[in-house]
């Protein structure tokens, strides 16, 4: 018995030792790749932000011919550094693809995910498949000088492999409105389009506050968001949709749950008695209409017919069009107050 | 003696199959490289190029990981079938995969920022805990009771499986998806560093299994006969269990759960070349490696640019192949 | 002395009755010893103590002066060849492969069989007259052929001692004689043999010494005439048994005859 445990214990420690010896810690991977001088200083995001803040607003939106090496740190503790803006970008983040097109860098894209179909020009960029757990092989085949992807365990193997080959990787979180603005700023800085990025950020902020000015005057309505019904899955406080709902003048009845997509019970929904049930419609994902679901008449909102159907696609992507999505969300929650479309904003109502 | 020559030819054939499988796998992939491009890129003098990067840094680590895992899983299956005297035994029967899954899912759902290597280490730790628990229950008074081993293994597997489900329920959506992707199995996480660790486990364990082959043959008679033929029965059983579990643990830690290899490959070899473990073990090693290398190549290419879970491919390739062999009848090849 | 048992006790777990209760017996080298006794007398348990697969809970069981259970299996397998009870191995291996297993204790783990191993295997096949069946699959052989193959495997171990547990159960007369002849030859060539059998008359004919076990105790030990006595056998087997000295057409020996209780004992013991 003792011998066995010693054997297993030794095996375990041996494995840890092997891992430790064989694998340099993540931080030791040179973020710049072989093409860059060693000892690249990793600038923190705050420094990058301050540097950009100090730039005079409204400067020429054109790409400068010469500039100092730009360093931008990502959300995995590494950073990218460019003496000249990258010209072959692979975006594995649909929102980043939209942002790049929006700030005028769409022409530098050489790869995208199969879900990037907006703006229409994006479809002309070759697809490399999935954005999560991407095919490293296809990404490398595009010969990129920058790859943008989601930070997290699913993409980690890909980002490690790409960095080893010498491709610069920007691994970012993209879960909140703050992430959206930070990533717009990062992409603007990398591509040398800081002012276009600042304009885009400001436009989104302005649109959102315009909507908020209207919804603040309206009575707040409690909302159940019907993401899935069998079992019932909704959105929690950890989801950006929760904050969008607040902007749209709604109160998510499950906003107190930390998980972004908690599974709840019909009874729990009934106990929280939402005024409105939001029924987002997604292409290719048909769900049973709420009225046809056995047992759902237990909800007062169902009995009284306060079910609001809306196009869920408009809020799926946390990107440049998000204000448009929030407006549609507000219209779904406050059908009375938003009966006529609010004043269109530039770039907000793309087809 | 005719049987021996037949098996020697078979062994050579399987070695060539593995080489062919690895070459084929190197040549195919979602990025279309022509044979001449591949040839040029593989020249020692060739400089850095995207083709070279794809071949050396992307495809080759996967191929090596698939070969080592498949070989390890097949040998693990042979050992479990011999130890438990049960043709349905397979590497994951006794909770190795559930333990590994719990280790990996625990790390993922706690949101710890670990790379693929850290994830593999966590999975390995979980697998080793499961192995030790099952062994602790079944090993008493110097004897390994295989009936208790099966029961303890299956029960521990269920327990760890429930732990995985619990964590998945409590985890936020993003980590739940990561965990799900992990359990589906893929070699997309493979790297050279991981292969070093994988080889450090699989190769010695497979060699150890090969060294036991005469004793496993004797055990196939019955335990008492084996003892009279010079086999230290309890030690061989204990060693087989630990080697089989380590092989399965190493494979599952690197690639997630990949079914059917450990079950189908040993049986296919038995059907074709007989039950002698001196051949069954090296042949399963080669055939298991070949099967997973081909399955992974298919997983990368059939639905490109998407990747199909490799376990789906092994089942889709392995099961029909196996059924054909079964239909031909259990060919009783002399030892 | 090849085997020594001193006041050996053994009780199986979950059994309330000891299988052996204080058996002391010496089994000398160079002889053929038969262990006889009724069903459940403890014969197989005795063999397991001799072979070291069981350890006596009291007393001792020695092989060549060393506790049998403490022998490394490999070393013991170089000295003792075992032929277990009938029953076909479920393993689809050739007769050659089956006999080659007898070389297991001699071959290093990763090494192939050597010249000497192959020579021993073909010698064992020749002695048991199995050359023509060498490439047949062992689980397709007849019962007599399987027992010969087991004996060949034991011979391949190059042992000093053969231990046989009911080697001729289910075999017809010719095959029975064949096995006992081979064992007798082995002993005559300088080996030792211990045979567990319920066949009193074969034991009487082929063994030099007999051990009679009953209810876990040693009832008698010695030469066949010393052990095969009508009174002892009748008591041990709980059945009237007569022992007749046989001298017919050149055959000599003891003939053990169970009496048909329904008939008169005087008539039934008349030799045919």
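Think of it as A, B and C in the order they're written, each chain with its own count starting at 1.
Simple rule for what comes next: a contact is a pair of C-beta atoms (placed from the backbone, for glycine too) under 8 Å apart; a residue touches a chain by one contact, two chains touch by 3 or more.
Just so you know, these numbers come straight off a predicted model, no measurement behind them.
If you sketch which chains touch which, the chains link end to end in a single open path, with no loop closing it. Here the chain pair with the top count of touching C-beta pairs is A-B. Remark: the per-chain Cα centre closest to the mean position of all protein Cα atoms belongs to B.
Most remote chain with respect to chain B, judged by CA-atom centres, is C.
Distance from the chain B centre to the chain C centre is 45 Å, each centre being the mean of its Cα atoms.
Taking each chain's centre as the mean of its C-alpha atoms, chain A lies 37 Å from chain B. Taking each chain's centre as the average of its CA atoms, chain A and chain C sit 80 Å apart. Within the complex formed with chain B, the residues of chain A that make contact are 1, 4-5, 7-8, 11-12, 14-16, 18-19, 22-23, 26, 76, 114, 127-130, 132-133, 135-138, 140-141, 143, 152-154, 156-158, 160-161, 164-166, 238, 258-261, 263. Chain C contributes residues 51, 53, 72-74, 76-78, 80-82, 84, 89-94, 96-98, 100-102, 104-105, 107, 109-110, 135-137, 139-140, 153, 157 to its touches with chain B in the complex.
Of all the residues in chain B, the ones that touch chain C in their complex are 1-3, 207, 210-212, 214-215, 217-218, 220-221, 224-225, 227-233, 274-276, 330, 332-335. Partner chain A is touched in their complex by these residues of chain B: 29-31, 48, 50, 53-54, 57-59, 108, 113-117, 119-121, 124-125, 128, 131-132, 135-136, 139, 169, 171-175, 177-178, 181, 186, 188-191, 193-194, 196-197, 200-201, 238, 242, 246, 300, 304-307.
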